[in-house]
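All chains are identified by letter, namely A, B, C and D, in their written order; residue positions are counted from 1 within each chain.
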Amino acid sequence: MVIVMTPNATQTQIEKVNKILAEYGFAGHMITGVNRIVIGAVGDRQAIASLGLETLAGVEKVVPIRRPYKLVSREAKEENTIVHVKDVAIGGDAVTVIGGPCAIESVEQVMRAAEEVRRCGGKILRGGAFKPRTSPYAFQGLEEEGLKIMRIAGRFAGLPTVSEVIDEASLELASQYLDMVQIGARNMQNFRLLQAVGRARIPVILKRGLSATIEEWLMAAEYILSEGNSQVILCERGIRTYETATRNTLDLSAIPLVKELSHLPILVDPSHATGASRLVKSMSKAAVAAGADGLLVEVHPEPCRALCDGPQSLDPEGFEVLMKELAPVARAVNRLM
Amino acid sequence: MVIVMTPNATQTQIEKVNKILAEYGFAGHMITGVNRIVIGAVGDRQAIASLGLETLAGVEKVVPIRRPYKLVSREAKEENTIVHVKDVAIGGDAVTVIGGPCAIESVEQVMRAAEEVRRCGGKILRGGAFKPRTSPYAFQGLEEEGLKIMRIAGRFAGLPTVSEVIDEASLELASQYLDMVQIGARNMQNFRLLQAVGRARIPVILKRGLSATIEEWLMAAEYILSEGNSQVILCERGIRTYETATRNTLDLSAIPLVKELSHLPILVDPSHATGASRLVKSMSKAAVAAGADGLLVEVHPEPCRALCDGPQSLDPEGFEVLMKELAPVARAVNRLM
Amino acid sequence: MVIVMTPNATQTQIEKVNKILAEYGFAGHMITGVNRIVIGAVGDRQAIASLGLETLAGVEKVVPIRRPYKLVSREAKEENTIVHVKDVAIGGDAVTVIGGPCAIESVEQVMRAAEEVRRCGGKILRGGAFKPRTSPYAFQGLEEEGLKIMRIAGRFAGLPTVSEVIDEASLELASQYLDMVQIGARNMQNFRLLQAVGRARIPVILKRGLSATIEEWLMAAEYILSEGNSQVILCERGIRTYETATRNTLDLSAIPLVKELSHLPILVDPSHATGASRLVKSMSKAAVAAGADGLLVEVHPEPCRALCDGPQSLDPEGFEVLMKELAPVARAVNRLM
Amino acid sequence: MVIVMTPNATQTQIEKVNKILAEYGFAGHMITGVNRIVIGAVGDRQAIASLGLETLAGVEKVVPIRRPYKLVSREAKEENTIVHVKDVAIGGDAVTVIGGPCAIESVEQVMRAAEEVRRCGGKILRGGAFKPRTSPYAFQGLEEEGLKIMRIAGRFAGLPTVSEVIDEASLELASQYLDMVQIGARNMQNFRLLQAVGRARIPVILKRGLSATIEEWLMAAEYILSEGNSQVILCERGIRTYETATRNTLDLSAIPLVKELSHLPILVDPSHATGASRLVKSMSKAAVAAGADGLLVEVHPEPCRALCDGPQSLDPEGFEVLMKELAPVARAVNRLM
């Protein structure tokens, strides 16, 4: 941490900061600037932050220097983490496409979607059984019934399966039926859920919160890793900005940044990011070109009949075109598909 | 809903929209504009939205007209809701100040804080026992031990008590020891928690999410009311914007807006909003002048020793000055204090 | 500046940074941390920033410590600046209300507005002659004709006058006819215009840009002061955020922050901030309670006939109520009105 | 426009709206909903908006339906516009890369940059002579001297040239020396400058404002086209969001959106968007994959000596690698390079 004193800080005020640092065992290095003193404090960021030095008279601000995450950092583990979901490896040479409907509605719907996903080259089947909805009056998902349908459809198509969990009860159920779970944007800082998933030892996709910084997102992943589960895949799904022309603003620069800061794989969800199926293809290509390890795409056999997020779902034909056009882009950046 | 067709929509495409509307029992009214057709669809917003009309060829966008919340709306209940926490009424003529430390650290700390809060005219004691922290390595709170301390300090000072809950287990514990619970910004869309609080029949403060719109916030309250608990108090605590000079941007225009749209009381938390104790006084006055029903203020006997959020806590002297200067502002807007 | 090296920076890389610093005459102080080196560079921020140290191998980031503005800072001038517009003093004990229509439409309209403003206690007349409009097809203002109307109406009502300028030509015209000029949010970083106003020696209201940080805003004011004009009044008018329930999000915490960082007066424009006349009263009271030196309010004799921004204009009756209810709030924070 | 009445609007209030619409010659179509009336108003959006209907009692909101831009819209011109800068065509089959330093510093610097740009396949040379800087104390550019250097370097390398203009005087100078001009983000709504460029008949790059919506950006282009200049190229350069890990947030979804709404070409500036040279390569590939017509990239012979924005500039080696790796991505989306 760097403690910046105000220009008119007194000698007594400066000594008090140094005294507190010393009292708690941190080294303080004074830098005498043109018109103020700056103190470099050496030690654990969390511990120094907890001293509350900002509240002392004469202190203008405290600037953190070290990054707060440890286990998720590239410094802790240099090589890329590859997460295995059954026989699918995420984070290696291949670009992994995960497809399926936003919400599980019926056996027939998921079977048809699964078939299409597999036929076009998708590797994992997704579908929502527990739906966190803005309105209490909106369709909330088929819950356990939905998980059963997912398992059937996954086996039928020969695809591993993933679904969102929203609390410990749904996590327990999903762990029984499925191969991977997902934590949604609204629960990215539901720390109890993160800890539970950390103890669960099942691969997990952690979506970025609607207004989470990349640092907060990595800290959320740190919660999972610190409980013992390192099979974490990050997923950028658009952030909330002032722009209303798209549902969210897809932040693709998160991909190279995350790759630099962390060893975890990163996916992109172009469907939720844009909220519009007609933008999914371009953003999918952009995501792969930027270095994403895969995509999470909504595919529905009949989008205009979808109970949830129809406008952003691809129909089977749209998904087929996407997969065909995506392959050369993957090859252009030396990825398999 | 208003369905806006593209300028080049064909007659067949227009008919398809009308056919689907009719099929599901909605009335469609055509408006022939200068260069396009617009269809006004009459019926339940949620139901029409679920038809996924945006996905049809020839449809440009679907614009919602009616508000999605019902029970929280001013239309559903014209008079203001007053929430009673023991003998304290929130939402009536008086401005209610809730004070106390961010995190419960020790009996002595909370006792001292409680005494100061009461002495200066605060009506309810706050303190965190379950702390949702960005880092898994930061102090997470004293949990049940902390709730016990809160109860002791509240009884000692003769103040009702409130603390944050983060899942069903903490809610159950808090309901045993305290008079009111709080849902934090990070859990505003933790729908399972909202539903549990809705069943719990205990007064609840619902903080606005970091990037929640006012509509989403009211929908979160709707989750609680729709489960049967109408003792809900909203709390504006700053939203996330591009500005970094303050921790968050306090959105005081939310106060008159919420008063117009809903019958629920609304508080302001100037401590979390600004992140800086030296800005708390001005923002408290502004909140009361704007019509807030009360404040949630961090008060710590010794902020520079706080384990959490010291920089934004007032010391006893600062709290006393705040309360003294706040009273004439309250009177100027015809509120008691 | 603090130069943070990467954890794996080599001795050679560290020496290169120190060498460049020395070469340009800056002192570099090394701090050896737990797992990395940090270098404190002492000297002019602008000059060190221009060295481009971030681009060197082994450098992770460069963190500025000193504030970049000089003349506008509270450190440069401790006492408050009071700007005199004829016999009206802005920034002293009194709260100054500036009122009038968004756009000047006719002699009769401005005369009526001026009369109402004066009658209710407004001190300065505002009105737009050069309108920066999002659309080239929208009403662009009466230009010089409008300025003449302003002068007539101001003299008639005995009020000083202010109007927006958008380039050097309009500045020259406005300087002839009026007592103060205004730089709008869209031109806050039109540096040529800032410089021209800096040379013009006329009082100026500088509105905050739609997405300007407080630092950028103060730097824009620095442009004006650095050219010799110190009669600058800042005006907070709402910033752009994700929230769409109001036109902009009024950032009232800017008031105590600006008061702390700078000696310049600060106004609030609740009309543009909210975009809704029914929210103007609450936000005006909040602004004054937060310490604003005055308000800029839209008043139109007949808002529903306004050629520009009718929905946010108060009618004469609304303005009268505002002024009546504002006075006790001003007194409650020890301001005259 | 759709005029939404409040649920309790009276018959008289509804009639007043219809009367005003009729009075000004617009047709009003009533839709009687479940619990309120909605009126569809047919006519020019701008004209109806200017009626100020929101201010009438009983009116809840007025929702625009038609888009406000005309000449820039895809509806006005179906085929893509191709802008010719000497022999370079922007907006056709080829991806056009424009490279050069942020600021022109010396003949030697620009000559070296120009040579590298040409050698690696860049088609146009960029360099700033008039620099809009946040601080009045920062390097403001070499002005006319810089334009002369640009012309020399462009001729030397056989590349057309482009530079930013900031007012009418710099526009006039730039038109004499260069082949294309650029309007920067801070001037996107400097309407006088837009109009001047509209009259100038020189190709222009119009950068998106820091917090401009896509609609506002297209309206700014409309200002230029409406004055007679249709050689407009849009350039996405990142928008301002809460995320501070990158300088701005690059909004690549703007590419397919703009392509859908308008016939104008669109470039991406990954250097300003990210503010970090190490992120430029990934974002460049993503931009091309998303359908961008080209890139605007900062290239400096020695970034660590740059007087402006060194940290985001590529060195010649970095630019060479970028161009090599970009070519297969362009081919993968059927573009030449």
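Everything below uses one rule, namely that a residue touches a chain if its C-beta (ideal position, glycine included) is under 8 Å from a C-beta of that chain, and two chains touch if they have at least 3 such contacts.
Keep in mind it's a predicted model, so treat the numbers as computed, not measured.
Taking the mean of C-alpha positions as each chain's centre, the chain lying farthest from the centre of chain D is B.
Remark: among chain pairs A-B and B-D, A-B carries the greater number of C-beta contacts.
A separation of 30 Å divides the Cα centre of chain B from that of chain C. For the pair chain A and chain B, the distance between C-alpha centroids works out to 26 Å. Centre-to-centre separation of chain B and chain D, using mean CA positions: 38 Å. Annotation for chain C: residues touching 2 or more other chains are 211, 240-242, 244. Put simply, chain B touches chain C in their complex at residues 211, 213-215, 239, 241-246, 249-257, 260, 273-274, 278-279, 282-283, 285-291, 325, 328-329, 331-333.
Here chain B touches chain D in the complex through residues 2, 4, 7, 29, 31-36, 38, 40, 42-44, 63, 65-66, 75, 211, 240-242, 244, going by the rule given at the top.
Residues of chain A touching chain B in their complex: 20, 46, 50-56, 68-70, 132-139, 166-168, 186-187, 189-192, 195, 210-211, 216, 219, 222-223, 226, 240, 276-277, 303-308, 310-311, 313.
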